[in-house]
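Chains here go by letter, A, B, C, D, E, F, G, H, I and J, matching the order in which they are written, and residues are numbered from 1 within each.
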Amino acid sequence: MLFHVRMDVNIPRDLPADEAAEIIAREKAYSQALQASGKWRHIWRIAGEYANFSILDVRDNAELHEILSGLPLFPFMRIEVTPLLRHPSSIREDDR
Amino acid sequence: MLFHVRMDVNIPRDLPADEAAEIIAREKAYSQALQASGKWRHIWRIAGEYANFSILDVRDNAELHEILSGLPLFPFMRIEVTPLLRHPSSIREDDR
Amino acid sequence: MLFHVRMDVNIPRDLPADEAAEIIAREKAYSQALQASGKWRHIWRIAGEYANFSILDVRDNAELHEILSGLPLFPFMRIEVTPLLRHPSSIREDDR
Amino acid sequence: MLFHVRMDVNIPRDLPADEAAEIIAREKAYSQALQASGKWRHIWRIAGEYANFSILDVRDNAELHEILSGLPLFPFMRIEVTPLLRHPSSIREDDR
Amino acid sequence: MLFHVRMDVNIPRDLPADEAAEIIAREKAYSQALQASGKWRHIWRIAGEYANFSILDVRDNAELHEILSGLPLFPFMRIEVTPLLRHPSSIREDDR
Amino acid sequence: MLFHVRMDVNIPRDLPADEAAEIIAREKAYSQALQASGKWRHIWRIAGEYANFSILDVRDNAELHEILSGLPLFPFMRIEVTPLLRHPSSIREDDR
Amino acid sequence: MLFHVRMDVNIPRDLPADEAAEIIAREKAYSQALQASGKWRHIWRIAGEYANFSILDVRDNAELHEILSGLPLFPFMRIEVTPLLRHPSSIREDDR
Amino acid sequence: MLFHVRMDVNIPRDLPADEAAEIIAREKAYSQALQASGKWRHIWRIAGEYANFSILDVRDNAELHEILSGLPLFPFMRIEVTPLLRHPSSIREDDR
Amino acid sequence: MLFHVRMDVNIPRDLPADEAAEIIAREKAYSQALQASGKWRHIWRIAGEYANFSILDVRDNAELHEILSGLPLFPFMRIEVTPLLRHPSSIREDDR
Amino acid sequence: MLFHVRMDVNIPRDLPADEAAEIIAREKAYSQALQASGKWRHIWRIAGEYANFSILDVRDNAELHEILSGLPLFPFMRIEVTPLLRHPSSIREDDR
């Protein structure tokens, strides 16, 4: 089941640089593991912003929340979720 | 080059039913031809709304506008475009 | 899987009264059948508005959209969907 | 008498971790006692956000405010209240 | 129990003048009967707008909705309800 | 001359507790003196929020500003003023 | 007593041209009579918009409303009123 | 050439009181010198807010920006500029 | 003197096609004459929208309004004006 | 390929003055190098605000993001990007 997620990141200026770097490194590993598992289907950077649009493919709302609230950057993010479904005009088998 | 597009459709109630049906059929064919060509990479329905999120892969802004303004439903749509780029954490080769 | 849905109804003034009455009657029957089946868990009127908050319990996003887009009043509604999940503090077994 | 309440929590980063944990534990106990009493009818987590939708069943506006302003997390919440009533299409006896 | 209500009126231009006049006359009578009964405690015009702020004193949310949805101008109004309660600094006995 | 005022209070967390308590006590005394004088006609708490709706009865805009800017909590408030006048449907002598 | 007023005009396209012209002519005469009387202190066009900012000098809120609701274009205007007072830094005698 | 300017002031709480007083005094002198020169035509306080509406009469956009960005309170202001011109209904010679 | 202008066009569906075509042709000629004269410095289409960003170089606010309100499409446009000036970092001689 | 960019700068008050000056100097050099290269086609100050409108001419979205995210002031900016294309009415050869 697919969800569209917009994530806006805002790291506070007083977070020590090494702490921020460590969180960002964990965020990347966390995201890539979920991408490898197929649950995080797409992630794109939004031009000019510290933000992304992502497509997640999860079992249900609970799993979606578990993934999002587990993001290392979660405390510094504004997240907006939109439930998706297959579009009747789609010709891609996997855009279900 | 990828663009994120949100399209909200609002067909006026006084459009004759057969005219609306004909436009919607042309819209579907138009979208599927562009999907087949690889230019319209994804299209998803937004749950509960007559709207979609799409990902287009075009040569430049001009081609993007040519495609969007050529949509048979264009006169009845509100369209919002966001330029995308490859996310540094992405592991998908084609999310460039 | 639970979804929170806000529905705002706006029936155009030029819809003939009997046509409006017939749509509203079908809307009520449609809603009550889904309530009886357990898929439409709650519906509350918002005081002072022609609007409701509802809780739907569906298999997935696709079923949610099928139910909402099938509403007889769908063409006259603005709908806003929010995915829900069990709250860690909840003590109700069925608020999953 | 039912009220729909949206609560958005924003715990400031400089609140000591043990103080935050203690407040959150009190919040949970407070909510569960009110759920057990029947006054806090439903609570659902909103997917991807530190927020909930709740349904409260109270005697009047004053009791509603007493409950909400007594929340241990109240100083860190944005709260939005909407008065509800039984929907004419509802078939649930207790959605009054 | 007190509620704050903002009502914005927008009478469509194509409503025949006598029909509009008749609705407005019924609106006035309806409002004054409720004021006389004590349920509609205050009504003030907002300067420069076809709008009012009102204070209603009702038994519960259901009675509030019954009153508001029964307004002859209801189909031409945007209504916004805010539940009130006695302010701890109030010295007026009847601002409960 | 009547004015509708919405006041939203936001006391910063780093204000020392005794300083806050002292300001709140002065605010209450200030408000009650103005209520006793008849200039602050009504004050109601908004359910679930640290906010109030008030009705002030003043000589002119200058007196309104003098009262509002003199509020002990003024530096911590967002204030929104709306000029009112007697509603043609009002039956209360003093809602002028 | 001074008020700042923003007026946005939106004349419906289906208003007959001569009717529109007649209303606009009456609007101009109405405005100029009030300017001559000193009650309508200033009026400026907003560049690029069918809108104006005006300063009115009236006895009270009731007179303000009487003037604004009497505008021949009132049914086609969105009006926003802001109460003003003398600024402590002003050196103009008549900006009271 | 006239411009309408709204200035909202927000002096941070941690600015030392004497520093704030000194900036406010300079602001007043700066404003009054420009009023005396005729460039700052009007300034009015907005009732209930630490804000003003002003009318500036400047040679061009560059001079407008030079004046506004030179305000001693500029770092603590939100400023919104609207270009004005003579209204065709104006009878005041100097509202050009 | 430079101004940034955003123009959003919304041609009503019931405007006869030949009338619309004639207005659009006049709009193009009008714009190109002003471009040739140097007063309309730039015009760009916004991708996916029936809208443009333009830069106008005019003598003053009055000339700006004269040009904009003279647009054949003016009755069908929403226009937003922002005054510009030379940026201190600019190296282009003519971005004054 | 052209993009319209709005940049709003907000330098935090607790950034040491010499650090701020150094960042601003680097920003200016960075911008001017890109202007000299032809990639940053225009930059204009917005009157009364610490903000600019810019036109960038880049190869693709990725280059746009590389330039914007490399701005020395990027951590203190809110940036909004709009993709542009040649307007059919444009007579300037280089507004492609």
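We adopt the following convention: a residue touches a chain if its C-beta (ideal position, glycine included) is under 8 Å from a C-beta of that chain, and two chains touch if they have at least 3 such contacts.
Each chain and its UniProt protein: A, B, C, D, E, F, G, H, I, J = Muconolactone Delta-isomerase.
All values derive from a computational prediction rather than experimental measurement.
Fewest steps needed to get from subunit B (Muconolactone Delta-isomerase) to subunit G (Muconolactone Delta-isomerase), stepping only to touching chains, is 2. In this entry, subunit E (Muconolactone Delta-isomerase) maps onto subunit I (Muconolactone Delta-isomerase) through a rotation of 145 degrees when their C-alpha atoms are superposed, rounded to the nearest 5. Taking the options D-E, E-G or E-F in turn, the interface that duplicates I-J in more than half of its contact pairs by residue number is E-F.
Farthest chain from subunit A (Muconolactone Delta-isomerase), judged by C-alpha centroids: G. In whole angstrom, the spacing between the mean C-alpha positions of subunit C (Muconolactone Delta-isomerase) and subunit I (Muconolactone Delta-isomerase) is 45. Mean C-alpha positions place subunit C (Muconolactone Delta-isomerase) and subunit F (Muconolactone Delta-isomerase) at a centre distance of 40 Å.
Distance from the subunit A (Muconolactone Delta-isomerase) centre to the subunit B (Muconolactone Delta-isomerase) centre is 22 Å, each centre being the mean of its Cα atoms.
Annotation for subunit D (Muconolactone Delta-isomerase): residues 2-3, 45, 47-48, 61, 64-65, 81-86 touch two or more other chains.
Contacts between chains form some other arrangement here, matching none of path, ring, star or all-to-all. Every pair of chains meeting the contact definition is listed here: A-B, A-C, A-D, A-J, B-C, B-I, B-J, C-D, C-E, D-E, D-F, E-F, E-G, F-G, F-H, G-H, G-I, H-I, H-J, I-J.
Taken together, the subunit G (Muconolactone Delta-isomerase) residues at the contact with subunit F (Muconolactone Delta-isomerase) in this complex read 1-3, 60-62, 64-65, 81-86. Note for the complex: subunit J (Muconolactone Delta-isomerase) touches subunit H (Muconolactone Delta-isomerase) at residues 13, 45, 47-50.
Per the touch definition, subunit H (Muconolactone Delta-isomerase) reaches subunit G (Muconolactone Delta-isomerase) in the complex via residues 2, 4, 27-28, 31-32, 35-36, 42-48, 52-53, 55, 82-92, 95. Residues 3, 5, 12, 61, 64-65, 68-69, 75, 79-81 of subunit I (Muconolactone Delta-isomerase) are the ones touching subunit G (Muconolactone Delta-isomerase) in the complex.
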